[in-house]
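One structure, pasted below without further comment.
Labels A, B, C and D are assigned to the chains in the order they are written; within every chain, residues are numbered from 1.
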Amino acid sequence: MNSVSRSRRRRLSAAAVLGAIALTATACGGGGGSGEGDTVVIGYTGPLSGGGAAYGENVKIGLEMAIDDLNADGVEVDGNPVTLELKSLDDKYAPSTAASNAQRLADQDKAPVVVSPNAGAIKAIQQINSGRSNFLISAYTSDPAIVQADNPLTMMIPPNFESYAEEFSETAMEHGGKKLALLGTQSEYGQQWTKSIKDAWSEAGGKIGGDNSVDYATVSDFAGPVSKALSEKPDAIFVGGPSQPTALIMEEARKQGFKGSFLVMDQAKLDEMATVTKLDNLKNSVGVLPVSEYEDPGTEDFLKKFAEKAGEKKVPTSETALNYQGIAIIAKAMEAAGTTDDPEKIREAISEALPEVDDKYKVNGFPDEITEQGHLLNPNLEATFLNEDGKYTKVPIEQVSDDK
Amino acid sequence: MTMLEIRDLGKRFGGLDAVKDVSLDVEAGQITAVIGPNGAGKSTLFNLVHGFYRPTAGTISFKGEDITHSSPHRTVAGGIARTFQTTNLFDDSTLLENVLAGRIVRSKSNVFDAVFHTPRHRRESSINEDKAMEALEFCGVAEYRHDLASNVPQEVQKRTAVAMALATEPELLLLDEPAGGIPEEETVDFGNLIRSLPQRGVSVLLVEHKMTMIMGLADTILVLDHGQKLALGAPAEIQSNPDVIRAYLGSTAQEEN
Amino acid sequence: MRLTRAALMPAEDPTIMTLFIQQLFNGLALGGVYCLAAIGLTLVFGVLRIPNLAHGALYMLGAYITYFFLTTVGVPYIAAIGIAAIMLFIVGVGLERLVFHPLRNSPHTHHMIAAVGAMFFFQALAQAIWGADFRRMDTPITGELRILGAEISAQRIVIIVTAVIVLALLALFIKRSIHGQTIEAIEQDRVGASLVGINPSMVSMLTLGLSALLATIAAGLVAPINLLSPTMGDALNLKVFAIIILGGLGSLPGAIVGGFALAIAETMTATYISSAVGEAVAFIVLVAVLAIKPNGLFTKAVQR
Amino acid sequence: MNPMKNPRIIGTIAVIILLGLTPLAFAQENYAMRVITVGMCAAIAVYGLNIILGFTGQLNLAQGGFFGIGAYGVGLLTTDYDWSFWAAFVVSVIGTAVIGYLCGLIALRTKDEYFAIFTMAIGFIIFLVISRWEPVTHAHSGVNNVKFPEGGGLIDFESPVAMFYLVFAILLICVYTTYAIRRSSVGRTLLTIRTSEDLADAIGVRVGFSKQLAFAASAVFGGVGGGLYATVVGFIGPDAASIDKTFEFLMFILVGGMGTVAGPLLGSMIVTFLFELFQDFQAYRFIVLGPIIVALVIFAPRGIVGYLGGFVDRRNRRRRVEEARGADDDLDSTGASTSGGTGDHRARNVADGTESGAGRTGGTPSPEETK
């Protein structure tokens, strides 16, 4: 009996210890390094597997490109050279996982900055980034809620999506007509868009049909929802979700004989959509300006480098471009602040860093100021209208304030 | 005194009658047997008494109390236990655990007693163990108590099934072919076990094919055929009853193959 | 509010008839896909008694392999589907050998988790090979048909027709061919089957292979009207389970009726009530039906 | 013989102590603390699953849903309605119990795979409601700034360590409850149902009623786990109720060992760490993890605890069988030979892990022993 119990005891505690070992392993895993000041880890947690994987990958490419270029140019923080290093973790789009990842990046990899490309995740991370552990969130989402949270260590990169609603509505109305059908995706973000478009459209004096939003991710055949939307005989349709499904919806609508104009949510990129459907199906629609249409000093080189990295076929999107800019800004802010491990200082230094950033990093509408709440503002924000002969014409956008 | 009173009991499955106008009195302290060819409705009768099936006609009353529509749980709690034709034990458990399971119906203590370790809980647990051991010993299989049910010989399993039933402290025990599958030479001992039940205050209603055994055991015998009463009486009468002989021999013939 | 609007719409809307026809065909096409996927799953259940949660992953894999042969290798559409179907048949057999066969005596909890593990693996694999990006699969079948004023794309007609043909062939296979009969035999009675000398593990392999094959055909058909992504199977998975449970586990007619019924219910509720309800309807129906008929509509002698 | 001689107890206690001490090692490691604490929340829900699946043998796939209900109950009540955490916690646990009970009423009409997939549907509907009912649940926007538990000025639950011990304490209660149920007649009732519902019926077990209670109980544990999870994480989105959660839980219980007392805890911890370890593989970790999961299910079907336990039990039983045989002719002699109690004393309590003497030690017979 005793012999049994002893061996048993050993076994069970062994099993238990295994847990502890695993833990310490993670604790040490990838850790260290950054302390010496020569390497600084930029953390990234995003959807690298599961439904959002493609999106997460696009962001990641932008980060990698920026870090490669910055290291090539050399970053120098108060006197000594610094190498940036990207450490990315997969959160499968789950906010709580994202927060755990961020915590891990901050604790083990001493990352002063963690990039996250999704509103839910950012909200979860904001619970932990300014308290017992401190790190700056480089937030890639156009949901103003995350700056409304008044988190001292958040930098919001893209423009507030609410800015688009008004211009989109007017443009679409003049090329289409007064009756709008809603066919956006059933995601958090899609629904917020739908709402703001609704308001803007009725403000501009248009009529709105029923809300036919569907979950682009789970619908196996778009024909149904489209037929339903068209049955209301709209002059314009609001669509948008990931580029490719959005493209399919527009194609289906054209197939079913829709002649009017499209309002395309910023998540979908017209040029990326052109890779899965004929450009004809996309004409007469207003959306965000493709990266390739920007005329910023760095854009051309950026496009070349992107093609080398991701292949000719892949279309560079603002997820990639804006995060490329974002890291450049942060690196400059580190230099300006003279520190790589004090998030507050880095955050403060951003505004003085902005004008300092090298032109090569200005690729997709570069910001010239950062608001109190931490929102990067691009002075001349532009959207685009894809006209009947497949040309992108620019549409200047007036930016709205982030406050509720 | 009449323990179980069955009146004009009937059960229809779809079109056909499994049991039809069967009436039977089981006297306290007696052993009553039900015999009949296969598909004569013996097991159905058991299931009706036990509450597995709901009768479509007639009434059953136990100790003067109507139990025609009571659930198995209520029947068992009321004092009627049963065993199955095919030995039915919890195979991966030891015999003791099996018999202890029979105590569940007599356990009052609930989760909270268990969690807060109340005196009631302690009292009950030890009572349960004693009763279970007693039942095992009574059935003469105590020495196997730690063997897995699947590892012991047929006869021990059969006896354990009885012990498990006894653990529920029944006043009436329904035995469905208790000696089925037991080698002839052991049926005698097994018969003795059954015969000793009434002294324990447990009346018995059993279905059995082994005629020799029945004739030696039963005080009263009910003969069923096609779900209906063919004859009722003491062993002697039954043996001499021509209908019975016809029906029964007929059926034993088909049982051979 | 949305409800009332939907309720009024028919009255106001002149194209109500067209819309209905349109949606009916969309529903039928969707139903065809659901059936093909569900049949395989229900067969697997009938024979192996396991809810194969990896079915959606097989469907996804089938789509990608079809895509590979069609786009990358450049064989004709039908051939691509054919080749993919055969390859998936092999994958299915492998899955049975490596995962389900070792578990044949374990409770279904184990199967489910093992299947989930396999699913994770397949998805990660697909992403590793083809990347996370959505892929579009072009089909030679183009153009629309006008039916009572409704625009129906040829692809959808093809889906419906193929589904019917495949189902017919399957029925024939099961009734006529030895293998088919053994499958049916085992479905009805494992023990009996093994007594008359049928080799269950042989049949198990066959069945899983067959289910993967059917899933691939479904995927190959639907891929052109949707997109490929490593997670494309997820949405389908739950629905297909709802279908086979609704129809009664292991029942082929159940799966067919359930498939079309749920598909049409889905499109119609999405049209006349709301897309959110459309998404949930499969499960609401399921809960409702099982609440009344705990063993599904076409219960077979599946349960012990 | 004294409880401290029983390997199971020792093992379980060892695990618990080890876990209880982790803050000493990692108090400064917010990440480690977070992972462990979240893991413990899951473990609580897994203990619920253990009751309905491990003991009663009903594969309930709605557990993720109940977890979500608990989480959203606490989340919404403490934010939109500004309740105190404790009030919200109690209410949402009760709420989960009620919902669980009602679901049970329908769900338990079905059996086996039907039950499994039916509950899967229930879980999915719960998820759909949470992720679509925007006005109430904020759908995908989730619930932000869930309140920390009020420490009444004594404890500050904003400190991860305090939070850790809160969850740890509640977890202990779950472990003990499981242990108590396991060895009581209640536990035996459930195990009886798991083995054979007909036979259970025959010996007067109230099958339907017991299943109903077990189901509700498992839902409650799910709610408790979810409620704590909400306050630990601070932000919850619909993924808290997703079907993946259910499968996570299943994985935990399977790896740990169904129907055992230490299993759910061990399983939750080990698998959680496994997942964290493989994080470095990012998108491709499942190419490795998938097969690992499959292998675990195939090669350790009864889980870690189940495996170790089963093998101890066989040893013990073999020994007792011999003693029992001997014991019948001469109780005392055999009794004297081993640690206290007579042959059949030990016999009794080990057989079912009930009271008296060694009974306390028979605490957690493996499924092997009572299945």
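Here, contacts are C-beta pairs under 8 Å (C-beta built on N, C-alpha and C of every residue); 3 or more make two chains touch, one makes a residue touch a chain.
All values reported here derive from a predicted model rather than from experimental measurement.
Looking at the partners of subunit B and subunit D together, they share no chain.
Chains A-D form the pair joined by the most contacting C-beta pairs. Put simply, the chain closest to the centre of the protein, by Cα centroids, is D. In whole angstrom, the spacing between the mean C-alpha positions of subunit B and subunit C is 50.
Centroid to centroid, with C-alpha atoms defining each point, subunit A and subunit B lie 73 Å apart. Averaged C-alpha coordinates give centres for subunit A and subunit D that are 38 Å from one another. Rounded to whole angstrom units, the spacing between the C-alpha centres of subunit A and subunit C is 34.
Listed for subunit B are no residues, as none touches two or more other chains.
Within subunit A, contacts with two or more other chains are made by residues 48-49, 53, 186. Residues of subunit C in contact with two or more other chains: 123-124, 127, 132, 276, 279. If you check each pair of chains against the touch rule, the ones that pass are A-C, A-D, B-D, C-D. If you check the complex, the residues on subunit C that touch subunit A are 2, 5-6, 9, 13, 15-16, 18-19, 22-23, 26-27, 29-30, 33, 123-124, 127, 131-134, 136, 144, 150-151, 153, 156, 222, 225-227, 229-231, 234-236, 266-267, 270-271, 274-276, 278-279.
Of all residues in subunit B, only 50, 52, 72-73, 75-77, 81-82, 84, 88-94, 96-97, 100-105, 107, 109-111, 113-115, 117, 121-122, 124-126, 128-129, 132-133, 142-148, 164-165, 168 touch subunit D in the complex they form. For subunit D in complex with subunit A, the touching residues are 5-8, 10-12, 14-15, 18-19, 22, 25-26, 29-32, 34-36, 38, 132, 134, 139-142, 144-145, 158-160, 229, 233-237, 239-240, 262, 266, 269-270, 273-274, 276-277, 279-280, 282-283, 285-286, 304-305, 308, 312, 315-316, 319, 338-339.
By the touch criterion given at the top, residues 1-2, 4-5, 8-9, 11-13, 15-20, 22-27, 29-30, 48-49, 53, 88-90, 93-96, 99-101, 103-104, 106-108, 119-120, 123-124, 126-128, 131-133, 145, 149, 186-189, 191-192 of subunit A touch subunit D in their complex. Against subunit C, in their complex, subunit D makes its touches with residues 53, 57, 59, 106, 109-114, 116-118, 120-122, 124-125, 128, 132, 243, 247, 250-251, 254, 258, 283-287, 289-294, 297-298, 301.
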